[in-house]
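Across the two complexes that follow, subunit A remains constant while its partner is subunit B and subsequently subunit C.
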Partner chain A sequence: MSTITISHLRKDYGGVAAVDDLTLEVPDSTVFGLLGPNGAGKTTTFKCMLGLARATAGDVRYDGQALRPESFERIAYVPERSTLYDNFTVNEHIEMTRRAFRAFEPARARTLLEQFGVDSRKRVRALSKGMKTAVMVALAFSRQAEMLVLDEPTGGLDPVNQRHVLSLMISEAAKGHSIIFSSHQIGQVERAAERIAILQHGRLILEGLVDDLKADRKIVEGIAPVGGFSLDGITSDSRVARCDRTERVVRLLVIDGAPEFAQRLAQAGATGIRVLDMNLEDIFLYAVSPADATTAVVAQELAP
Partner chain B sequence: MNYIEWLRVRNCLRTTAIVLVVFVALAGILRISLSRYMSPQQWAQHIGAEPGTTKTQITLPDGTKRTILDNPNERTHIVIDDRGRAGTHITLTEPSSHEHKNAENVQIGGIHVNESRHGDLSTTTIDTHGAVPMLYFMAIADVVALIIATMLAAPFAREIDGHLEIAFTKPVSRVRYALGVLAADVAGIWVACALAVIACYICELFFGTYRVDFSGINSRAILMGLVMPAAWYALLCAATTWFSRAYGAVLGFAWPVAIVVGVLAVVQASTPLGLMVHDVGWVLSRLDPLTYVKFAGPDANDAMAYMGADFARRFGIEILLFVVYAGLALVRWERVEA
Partner chain C sequence: MPAVLTVDPRSGVPIYLQVVEQIKRSVALGILASGEQLPTVKQLALELTVNPNTVARAYRELERDGVIETAVGRGSFVRRDGDVDSPRVAAEIASDALDVALREARSVGLNADRVRALFETALTRWFTDAAKDA
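Here is the complex of A and B:
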């Protein structure tokens, strides 16, 4: 078991909530992707999870246990930016980690660094941004940690090494470990994560299994007739999450019942109707862009 | 002991060692340059060359090479005992002049000079086999230790400046982590102190005796010399932890501020404003570990004694300051957020 449970987490900075009532669970054997635009509260969430920042309210538990210093034998963290010591060599960082963590395997760290193409004799200040990320990843993945918290673990890495990091995450999950990570590269999240959560303004706006989210959400697209047509009864349906229009192309983001909406759109006079699958990027973009206002405006514009 | 902090300490000590080696090398060069002036044989040869001087050389049963120089015209009589590694003992008898004092006993490092007057003759004995008081070494070593203490005195501020994610995700409590850091730094300061003492001792070997006096006031000097830099370090450590964003400025201004406060505390003023400034300086100086170091002061018999008569009180205050300042740093460290 290596489950991470976040309950009603809140973190205020100067009266502004960076994270607001966040509740999540990262089950064991799972790669969990945390998505959100810049400033959504992903890094703050990680910091609160690890006690680096004090939560204003809420609770984080690791296998039901509150975070204690000893918990870090089981938890590994890769921060968003390099926190390595510029004046020391990579080998000295390996030694530092060896002294700090009982389960750390220096040989594995060296192997990983070799795979990432990092010369461990170099001082950190001589490394590129991507290499620094690689060092942090290598150290984290050599600790046999049961829970990994990775904040943009592929930042600055080239595509080959990005793929390598994703493989490492999937391998760790296969061992029964929990991984929660954030990334702005949604393709990577889609490739590695089984579950995702999307944060916006510190609040959880969407969460679930990637496959379920993709299966449930479809785009129904059609071409409106010249002179407009009525979408009455369609946009007001609770299953329509969004309604967008580009020129005469109308797109409905529907949750469940895509064939039914395709039929209703055809009945309203639309032509060229297609039902499209959504990828994770579509789901993310629809989730974080201002939906309510757009839906209302588009509906009004389309009215005869 | 914290490994990363020890690496910082190690780098600092490496620099210290290089500087000290340079000083020792310079001392060696100086010693070689002065060798013709420091050799008893050279003196004897020089004095023996004066008209009317008779020179006698014998070897005593203990191996001492004795040179006797006698000049009846000048009324001078010199006995030079060269004991090799055991030093040189010189007795010089000559007519008194206004430069001679009735009795004087001077010690400079390992060289003891005793002067006494008997009627119109003065006798001066020079013994180069005296033990060097350890406090001489400690006075120099403390300067080195204070410099190192200042260099190391922002451990937590450096962690706050971009490394908290490493520091706070280790399986140790923040307090334990901090104690490891403090231990590494204090050990580093003391090692620097020891290196400086060793360097001083090597220099002393170049010029004189190999004997060092650890007794009495010298042992006090060692104790104070170890505690005072640690207290100074703790003061700066607390200041840099609380003002971590400006830790460079704190370290940069520490010495000037300490000096100004020290001066204000001792300078007497006559105007009301001057008195007030003096009082403020005096109060502030009580918080400064440097205030409690006294190289010399009157003892109970009104004789000058290193470290002063109230050594125990001042030593206790230094320890107290170390504990208080280290505690303040820990309090802040406990509350830091990444």
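Here is the complex of A and C:
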């Protein structure tokens, strides 16, 4: 087992909550993607998870245990910014890691670094941002850690090496390990993550299995008749998450029951009805952007 | 076999469903033979660079639908007495594509007569020409 549990985590900075009552679980054998706009609280969450920042409230448990010195044998962390020693070579970092972690496999680290195209004889200061990320990833994935916390683990990497990092995460999940990572590249999260959470202003606004979110959430679109029409009973349905209106187009974001809503829009007089799938980028953008109007207001506007 | 599978993670169609559909299609079209072994969950996950649990979910679904069977310790195989009826699956594939086209035609305001005329034209183009070529 290697479950990571975050319960009611809160972190205030100067009276403002950077993370606000965050609860989530990363089960074993899972790649978990954390998404959110800049400043949503992803890095702060990771810092609280690793003991780099003190949580104002709530706690984080690894296999039911609070973070202790010995936990670090089982947890690997890749920070968003390099914490490597500029004046040391990559080979010297391999040696430092070997001395710090009993389970570290130097031969594996060298193989991974070679795959990333990193020249291990170089000093860190001579490496690009992407190569520094690659060094941290290679070291983290050579420690036989069962729980990996990765803050932008593909930052600065080229597409081939980005894919390589995703494959490493997938292999770890197949071994039963748990991985939580953040990325601004939604396509990567969509590919590698089984489960995602979206943070905004420190709060969890959406969580679920990527495939289930896609299966359930649909956009039902229709063209309103001239003179408007009533959407009463449609917009008030609890399955309609929001209703947007642009010009004469009505767009419903429905959670479950898309064919039924397509029919109801048609009965209300709409034409040109389409049911659209949502990819993760659509789901993300809808989640973090406010509706054009509240459903109640829209319903009023459309009433004949 | 895995070379025939591709997934588009950026699509709004769940990845596990894409895998299910493609394996069914491959079995129906004979690209995957009866009794043929499928890659392990981990192999296919790495091949497609998608989450292993997503592939495992697809395999469970295929098993439930009677397309494949899994023997503990030996792997997953296309069922010899499988439920895949090739002509039916071929008809389903065509029928789904037609549904998409017809929904679109109706949504842009064409009536049934107009759609029928378009269909006849397309049918002639695709089928008569093919017959001439043969």
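Here is the rule we use: the second predicted complex is superposed on the first by the 289 of 304 C-alpha atoms of A that agree within 3 Å, B and C clash if a C-alpha of one lies under 4 Å from a C-alpha of the other, contacts with A are read in each partner's own complex, and residues count from 1 in each chain.
Note that contacts are C-beta pairs under 8 Å (C-beta built on N, C-alpha and C of every residue); 3 or more make two chains touch, one makes a residue touch a chain.
A quick note: this is a predicted structure, and the numbers were derived from the prediction, not measured.
Visitor: Once the two structures are overlaid on subunit A, check if subunit B and subunit C clash or fit side by side.
Guide: fit
Visitor: Of the two partner chains, subunit B (first) and subunit C (second), which one does A:Asn279 touch, if any: first, second, both, or neither?
Guide: second
Visitor: Touching A:Gly51 in the superposition: subunit B (first), subunit C (second), both, neither?
Guide: first
Visitor: Quick test of understanding: once the structures are aligned on A, what is the angle at the Cα centre of subunit A formed with subunit B and subunit C, as a multiple of 10 degrees?
Guide: An angle of 140 degrees, rounded.
Visitor: Where does A:Glu92 make contact in the superposed view: on subunit B (first), on subunit C (second), on both, or on neither?
Guide: first
Visitor: What is the minimum C-alpha distance, in Å, between subunit B and subunit C after the two complexes are superposed on chain A?
Guide: So the smallest C-alpha gap separating subunit B from subunit C comes to 27 Å.
Visitor: Please write out, lowest number first, the residues of subunit A touched by both subunit B and subunit C across the two complexes.
Guide: none
Visitor: Considering only the defined contacts, which subunit B positions touch subunit A in the complex?
Guide: 3-4, 7-8, 11, 162-166, 168-174, 176, 337-338
Visitor: Over in the complex, which subunit A residues touch subunit B? Could you list them?
Guide: Subunit A reaches subunit B through residues 47, 50-54, 69-73, 75-77, 79, 81, 83-85, 87-88, 92, 95-96, 99-101.
Visitor: So in the complex, which bits of subunit A are touching subunit C?
Guide: Within the complex, subunit A contacts subunit C at residues 29-31, 163, 166-167, 170-171, 173-174, 187, 190-194, 210-212, 214-215, 271-274, 276-282.
Visitor: Mind listing the subunit C positions that touch subunit A in their complex?
Guide: Contacts found on subunit C: 9-17, 41-42, 45-46, 49-54, 57, 103, 107-109.
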